[in-house]
Structure formats: structure tokens, C-alpha cells
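In C-alpha cells below, several structures.
Same chain, two partners: chain A is paired with chain B first, then with chain C.
Take a look at the complex of A and B:
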């Protein structure tokens, strides 16, 4: 779902730039608001609205003169609407932001820098998340939640094949041999699903192999690194060499998460955010382990997460800052944690989230924080993710060979990054 | 007249076509009565577990009744305005002679060639400058007139015989009188076809109201239902139950005005 949204971001980037909506500092930053104020708060996930409402109500109780008006726009249209409103000066006072787009919005001066605010403290949040929302030394987002990726597995299929469950000590080789034992074409069961999804699969395997999608300074592509190539090869081998994963075509017809939820796939690397789907799946007895280590014992997962940002043209910068500060407080994160939909960004609160769904070892997602690497972004992320995904689709579909395709991605990416 | 024997292949083809048309609605109905887990399972469940509660849940999760009313008012205003304004413009383009008529008509047709996403932003800023964001007026304003409706009615007016108009003029009727009392009644089939197409368009319109309206109590059904989509997990049964309820009025409109709709499409050669 996230991948589709990325494609749209490119269009958004164009419109935002075309309208020349730069400059403009907020009219009255620092001024205290007198009298009652209503802040609009833009969010995109219906599932999280109840938790956001609870936080807004708690904030209102503490600040009776500030009312929060939550505006829910579905994820698919959120960015179209935001880009139109931002270009016209009418975006919500506070809204959700994600890592691939923060560079664009901050670069166009649409967001207030939080680093300039008195009392801003980012120490309660994972460093990788703070880094993702920092541009030229200034942080623009108050981290809201985060997600990492784990190896989901179907306990019933493992038991039936007599294979031991994945553990934190697993390596690539363990996954390959388990997948070969679990694969049972006569029953329509695949050992693993290895799609060309980046956040859930390829970005992680590239890191585990010692490579990377982008250099830490966000200036060069890592796709031409032989180690990155080894990571891609490992993921592709499940389809072309071992024949234990559905093909790209089959995973286009039916999404791999649906195949896993239906018991057709024994293992699947997926984010914590698909947990509610697996929880709702009838007859699925699953659990989750940390991702396996690469050939040199390297463990890694990308970490991604949302943040709350303040619109640069808000009429109530002081009230908006007070609200964002509250959104980043322990209290607000506790409310998020209890609902179990997302992992709160606030360090040390994950236990509440883990306990919310005791049937899964959700701790696996938290334990990987030590090896978590920020989700690869640059100033204009969408400019290179769209062609990257197109080429990956061609490689997975067997139309382009891996080495050629990876070189092509690196060249396209470097050309786009040079423009930044 | 062909004999019954020779008709059966046609009946078979039509039956297959009808089944293909009805199948999506049937699937929608089945999905609306399932649990979320059942909807995404592979292989698909064909027999639902009859979760009638999905329907009451839609009313609980969205302001369905209020949004239904919003959809109705949005549609009624747009249809009445379009029928009036488009017929006036169409008559002028079809029958009146004035300098720059053809150039103006071409300019108007050019609007049809531009995808609506392109003028989303300027249109939004116009409505914003008028202070109409987040209001019903802001939602309906750009849809009070349409280039397509004008084009369609112009073609219709041009197909009407000149003699009627000349007779009226000889009897001393002025231009407006001719338009209002003579031509408009004659154009009734065209007006109805255009009205029906406008109803369908307005009822299904998503992008514009989504961008303009922020409060869920002011949203039409299309926007309200779209907020049921989650980022990672969508409860398809709820979404399908809501969509089915939302499309019922349109199905009724279609059944009642079936012939007009086909005529309308035949009249313009477009949808």
C-alpha cells in the first residue's frame, strides 16, 4: 500500500513546486494566542482515529482554550488534498507526515522547524527516527510511531512439516532450508513469499548482506554495491533458484500478505503494521521472529515511522506547538500504545504495545531497534523510488536480469540525487 | 421477423453479458455480509457468514444519514442549475448568431479536453478566495455549469426543425419566449437525458468534495465512505455495505430512467 502511495508522491512534488509556494514565514510565530483557538489536525488512518481523538480530548482538558478538530482523509487521497491545501495556504495546523515526503515539504518551507522551538526535546525517541525528520540540521517532525520488519511464520505449517520455529539466531541459510522443507506444491503451500517489496523485503536483505539502498549522506545510490546485489540475489533466489516462493505474477494476482493470512505461505517478512490483518484472519496460527542475519552474521531492518508536523502558515503557531509537544509526550504515547495499532515512538513505551496482543511475540519488532537503519530517503525521495520500483518489477517479472537492472537503478538514482 | 430458433444464440450472448454485469454487484453483496478475515482469504469464500451487523456498523462508523442528505442536496442543486444554464448556453450556440460564437464554442469545448486534475488547484484557490472552503456552496459551485452538458444540448437543439421557431417568430414571440415556451419543451428528451447523466456524475463525484470539505458532517457519501479505508487494513465488508447502500438510489434512478439513459448515450456518442 505504501508503495502505491509513493508513486503518487511524484505528482505531488510537481504541483507543490509548480505553484511556487515557497517563502512565507508564519505570520506571528512566538505570539501567544489569546482567547479560544481551534486547531485542525490532519490524519490519514481510520483505524487510528479513536486513539487520536482520545489524545485530542486529553489535550483539550489540559488546555481548555484549545480545541482540536481532527480531519481524516483516506491515505490514498491524503497527499492530493494536502498538496492542494498547502499550495493554497490552507493546510491543517498540525498534520501527519511520513519519511519519504518530509524532505519535499520541509524543502518547500511548508513546515515549521521544531528545533527552533523552546523546550524541544527529541531525546525520548529513537535516533534513527529523529534523523529521518532532520533536514540541514533542523528537525521538522515530532516522531509519532515507528515500524520495523519481522519474519512472520505460520506455526501450523511448521508443525506439520516438523520444522523448528524461526528464532533470533536464524541466518539466511536457515530460512532457505526451512523454506525448502515447508514448500509443498501438492497442497498449494509455499515455503516463503519473497516479493519485490522494498521496505518489507529488499531494503532489509541489502542491509543484511552489508550493502545499502542509499549512502548515509543521501548523496549516492547503493544499488551498484556488490554487497547490495547479494542481498537482492538472496531475495530473488527464492523464486528463480529454489522455487519456494510464488512468482511475481502470482503475488500480483494475490498479495503476499493475503497468501500468508490464508495459510498458503509458511514465512513472510512483513512490518508490524500488518499484525491486525493477521489477527483478524480466521484459522491463522502465526507468530513473528526477528529477521535473519546475513552471510557475515549482520542483522538489520529498516525503521520507518510517522511524525507530527506544524504547518508553516498556521495562524496559531504557539497553540500548534503546545499540541505537538503534547503529541510527543509520554502521556499521549501511552494512549497510542494501548490501542495496539502502532508502536509509539516514545522510548520505553513499547511494552504496553507488546502486551496489547499477547498471542504474538511482538517484542521481536522492538528487539531489532539496535540494528535498525533509517528508511532510505533523500530530499525528493519520490523522484527515484518510482523508477526504482518499475525496474524492480521488471527484474522480478524476469524481463531484466538482476545485475543489469541494479546498475540501471543505481544510474537513475544517482542522476536524480545529483539534481537535489 | 426472425424465428425463435435463430434468436437463441443472441439470448445466450445477452445472458452471459447480463451475468457479467450483475456479478460485481452480487460479489459486493456477498462481501458486505462477510467478516474481514473472510474477504481476504485465498481461495475466496463464496458463502458469507451473514454478518448483517456490518450494515448497522456503517451507520455507527460514519455519519451516513447526514452524508446521504449532503449527497442529495449536492446532486439536486447541480442538476437543476446545469439543466437551466446549459440549455440556455446550448440554445445560444445552436441558434443565435453573434460575433465570436464559434471561437467561444471552441474555447468551451477545450475545457472538455483538459483532465479535471489539472484545474483542481486553481479551482480550489478560486473557491478559497470566495471564502467557500468547507461549505456546500463551495462543493457545488464549479458544477453548476458543464461544457459537456452544453455540447450535448447544443447538438440536440440543432436537430430540432427550424420551422417551429420561425412560426413562433411570425406570431410575434421574442427570443427568450421562443427559447422558454417553444424550444425548451421540445428539448425535453434531451434535458432528461442530460439530467440523468448529471445525477450519476454528481452522485459519484469524489475528488472535488474530498479536497474542499474537511468536516465529516459536510461530506457527501463518496467522501464519507472513503474514510473507511485504513492505511494497512481496510474493513472491506463495511466499505461494501456502505457502497451498496450508497449505490441503491442510483440503481433506482437507472431502473426508472433506463430508456432515457440509453438515449442520452446514443445522442452524444459519449459517456
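Take a look at the complex of A and C:
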């Protein structure tokens, strides 16, 4: 019985290998894109797969010669797998890219420049997004979507404490005093959750204070700027000075978004991408406002977004370009907008996305586009974000004091940036 | 199913550690030795060829997926990698940067501490195995399955469940502690406790496997020894130390060798139970975790290969030492 199963498994594996071989062969032998072509399309978000499939099907209807094969790899393995595949020349023809990685992939010639393609038009997309995917004057990514950060709040807890809901006019001081009123240890309720998350929290508070994580030319760290330090201090004070946020340990054991979703936290700065989680949370009556302004009235949020890119060693550059062009079209972005999972990058389509979930003021995320700053990146972002996060974890955990830690981050970052 | 199957196999391996002269392909025993035939006769060769053909599927797999990567890793440890392939020979540079890594002392200590905790769990397994041997009847196999389940559970799932149990604010463990008036710590986010927390899970998840081996070892001890010794007036404690423990020593040796090797390679719990953004991570990294970080987070594969080579050499040395020392305390009946 067991042996039979083994033989069957072996045969199955052989069959798989055989079909795998044959499919890749047919893909590579495509006769100069005139015959039928199968393009592989690498993505990492299962929630977005239905929308991507719909777009792929619509594209196939318009281009019957080109079939799109979507390859979903969970985010945890996506980059490891992609990098290995790219090293061996077998990465997908078209795939998702994010801002922290584009410098590495474009810098190491793994992507085709879109600026060189006839008919490339980046005017329908926000400038900050185009800039994020531009390296040495050439754009490598067709913006797909974007995200900004807003101040989520729990209406039930605000009502119970008699505190007015956050508005676009709020400043840091309003957040601090509201958090103090909302904080209620006897009920296990915190006024705010202020973790050492960078995109959702620290990069924004640094900007609001007038500082920055990295200089605009991507050459120097901004962590040793006293204004950046003030931004970090503001975020840390909720834990160490005002005692209105769970500690780093508590937020490690139970993630702050889970604390917010279960009604333990009254305010939490978080991206629009976590909206589906809060929408699905039972008994959570929440809403979202723009982020507060810093001490000098400066408003800011980082903007990050994905883009579709073409693999430099694709066998079908022409077909891949046609597909990417379609991915950047209004039609494809409208399909994304309707599903409500992400904000489409295409200007003017955000209204569809906002209308997809009327119970929240999602317009708060769109309104902040005017003050949005590109997510801090360099040519090899991962090289400095890893030690940066480690040190921030140490600061938040109370192992290293803020001033020393921030100096350490700046030194490590500058050393890595100098290598670029 | 695997529980009952692995018993004879594992026990065989345990006692098989004894140096045996009659092994290898040409060994007598499978066939009566035909004295006058030359050693490399055609018939012999044919038989060997068949033998190798039979083991080829296993051997080819072993070579391709175990032996060859070891050779490759050793080579890669002297190279520096580009993000998308392309290696450059850098000599011993990876080794020197690993040995001068400021994280190394703490990681080495954490690794050793974890392995020691796992070793300290061996007596627990022996006690449980002895107790298990007392159980007979229809519940015996049920118990065996229950204790063996952690062994066959996915490490990721195990880590997730324990992460919940260890939760400082809402975890079951701290809730139970609060009932007796103890305010439990943040087990997996405070680096004073993380290694202990992981060690406990390590003992728990290897308990079933160790018990199976010890249970088999205990069954192999002849009853007559106990009968004879009780006639001589030995009590239960004396019997345990003078009969059970010495005769169980081959199994103990086998388990401790495996525990040291497994313990020093621990990595999964740091990643799954602690996670990448954890204030306790810096103080809880193990050597294997440093390897993971270099290979898969910062993309420094050459350095990672050097760490793997060093770890392999240390494991080889420790295992060799254990084999040397076994002569002093392991009794093969």
C-alpha cells in the first residue's frame, strides 16, 4: 500500500516536472511574439488576486494572442524567491515591485526602463509615485496603487469618554490630550498605540516635526537631525512620558492593529491597507481622519505604492510592455478601484475607491496627497532598514536611549549609503 | 503509524553506534562465502551493480540535495555575492567579519544556553518513558500518540500556538500564574525570558521522540536483572541507578548527540515565536538565526555560508568529543 503510494507520488512528480518543462519551453520559444504567448505575472497579495485575474482576462480578450499566467507568492517568500529567480534568469515576465526594492532591482539591471518604450505616459499618476520608481532619470515602474496613512479612531471609546472626534485641524497636542482623556487602565483601554512602526508612525512624525528619515538626494541619513529626533520623541513619549500607549513588549505580544481592532486602543495611525481588517472586525465602530500637524503646523504622511515592472531578461519584451501599458490604463485601474482593496494609482479614480466603503471617511487618505512625501528609499534600502529597525526595537524596548539610538541609526545608515 | 514504526528503527540506530566490523558492500552474511571465487569476479560485479542500482535513487538524492550543497556552501563561504548572482573570491574575509561581529558573543551564548536547556530535558524524557512503560492496555497507544503529536506538528504552527500561550497580557500561562498571585513576565518579548521560553517549547516538542527511544531502550533491558537484584536485596532506587541507567546509556547517548546537534541549530522559534520586530530579538538571536539574517534578509549569502561552515565544524567537533567520551559512561549490554 505504502509502496504503491510512493510510486504514485513519484509518477506524479515526474509528470509535474514534465509539464513544467514543456510549459517553460513553449514560453521561451515564442516566435517573436507573433504566435500565442504566455506571460507570467508575479504578485504577492491573495486579497488582490481576483482583481488581477479580472484585469488579466480583460487584457486577454483584447489581445487573444497573449495569455497571462498569474503567479501568487505570499509576501513572506516573494522577495527571496524573486531574487533567486532573477539571479538564474527565470523571474516572471512582469511582476509587482515596491519602493524599497526598486533601487536594487533597477540599479542591478534587472528591470526594463519604461521611459524608453514608445507611448509611455506617466502623467495620469501622482508625481511622488513616479519619482519613487525613477532612477537616474529613467522610470522603471508603472504605478499600480498607492497608500497613505491616517489616524484611525474608535468612535465608541471617544463617545464614552466625551472626547470630540479627530479632524483635519488636529495637532500633536490635540492627540496627546485626547489620548490622556481616553486612557483607562481599569478597563484595559489605552488612549493610543504608538509602536516603532516606520511607515505608519515614525517616518510621518519625523516629517511632521520638520525632519526626515533620509535626505531628498538619498545620500544621507536624517536620523541625526534634531527635528527628526523631536518626531521620534513625540511618538515615544506616549509610552514613556504619558503612559497612554501599550509598551513595546505588549505590542509585540499583541500587534497594535489587533489591539485597535478589538477595541483596546482608542487611536492608531495606520495605512489604508488595513481598512479591510477593521471593516471585518466584529463590534468595532471606527473611522479615520488625516494625520495631525506637528508643532509648527506641518502636515505630512509618507506615500508608498506598488508598481508593475518588466523583467530585463523577459523573452517577450513587446508583449510584456503591452500588458504593463494595459495595467497602467484607466480601465485596469477602475477594476482595482471597484474591489476596494487598494487605492488605484490613476489620478481621478480615487472617488470610486472612496465610495466602495462609505462607512469610513476614506477621503482622509486622498486629501493628504498634497502633503505626501515619498517613502524613504535609496539604491539598496534593505541594507539600512534592517539595522534601523533593530535599533528602533531596542529604543522602544527601553534598552537604548533615544538620542544614542538615533545617532547609531544615522551612523549605520550613512555607512550603508556610502557603499551605494 | 510513524510512532510505532520508528521504534525499532531508532533503537537499532541507537545501539548501532557500537563500532561494528562487519559492514560495507562486500560483507559476508548475505551469501555464504564461496571461498575460491576471486574477489572481483564477474558475478560479484554484477551483484554489486544491482545493489548500487537499487540504492541509486536514494544515493543520488542524498548526493544532490545533501552532499553537493555542503561542498558548494564551503566554496561559497569564500565568496562575496552580488544581489543577483555573480560571485567574487574574497578569501577569508567572510570568516573574519563573522568572528568580529559584535552580535556573535551574545548569539553564541544564547545558542549554548538553549542547547543546555534541551539537554536538561533528557531526564524528563526518561521519567516519562519509564512512566509510559507502566501503562498498558488500550490507552497505551493513545498516550503514545498524544506525546508524539508535537514531534509531527509543523514547527510554525507550534510556534504560533505557544506565542499565544506566552502572550504577556492575554496569554493562558500568565492567566494561570495570576490565579496564584504571580504577575507573569512578557515571555517572548523580554530577552531575560525568551531563551527559557523557547527552551521549554524545545523540550516539549522533542519529548515524544525521546520518549519513544527511551521506551524502546527500557524494553530491551532483560527482566532477569531486576529479579536477580531484588533477590540480592536491591531497592527500586538502587535498581534504577545500577541497572536501568547503565543499560539505558546507549539510548541516552544517542538522544544527547541528537539534542546537541538539534539544539545548536535552533532557528525556527526565534523567527516564528519572537518575530522580526521584537525588542527582545537582539538579545535572543542564535547562531543559526544570524545565518538566516545574512542569507535571506540582508542578502549576504557568502557570509551566511561561512556561518554555516563554522557551525558545521563546531557540531562535528562536539559530536566527535561526545563519541570519545562515551567510552567512559556508555555501557553496551
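FYI, the second predicted complex is superposed on the first by the 388 of 420 C-alpha atoms of A that agree within 3 Å, B and C clash if a C-alpha of one lies under 4 Å from a C-alpha of the other, contacts with A are read in each partner's own complex, and residues count from 1 in each chain.
What we mean here is this: a residue touches a chain if its C-beta (ideal position, glycine included) is under 8 Å from a C-beta of that chain, and two chains touch if they have at least 3 such contacts.
Just so it is clear, the structure is predicted and the values come from calculations on it, not from any experiment.
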Partner chain(s) touched by A:389 [first = chain B, second = chain C, both, neither]: second
Partner chain in contact with A:75 - chain B first, chain C second, else both or neither: first
Partner chain in contact with A:196 - chain B first, chain C second, else both or neither: second
When both partners are placed on the shared chain, which of chain B and chain C touches more of chain A: B
First (chain B), second (chain C), both or neither touched by A:412: neither
Contacts of A:250 with chain B and chain C, given as first, second, both or neither: second
First (chain B), second (chain C), both or neither touched by A:352: neither
Touched partner set for A:87, first chain B, second chain C, both or neither: both
First, second, both or neither for A:399, with chain B first and chain C second: second
Which superposed partner A:110 touches (first chain B, second chain C, both, neither): second
Doubly contacted residues of chain A, that is, touched by chain B and again by chain C: 80, 87-88, 254
Parts of chain C lying in touch with chain A, wherever the complex brings them together: 82-85, 163, 166-171, 186, 188-190, 275-283, 293, 296-299
Chain B residues touching chain A - in the complex, by the definition given at the top: 35-38, 40-43, 61, 120-121, 124-125, 128, 133, 206-207, 210-211, 214-216, 226-233
Residues on chain A engaged by chain B in the complex (per definition of touch): 1, 15, 19, 40, 44-47, 69, 71-77, 80-81, 84-85, 87-90, 254, 258-259, 261-262, 264, 273-274, 276-277, 280-282
Of chain A, residues touching chain C in the complex: 80, 83, 86-88, 104, 108, 110, 196-197, 246, 248-250, 252-254, 380, 382-383, 386, 389-390, 393-394, 396-399
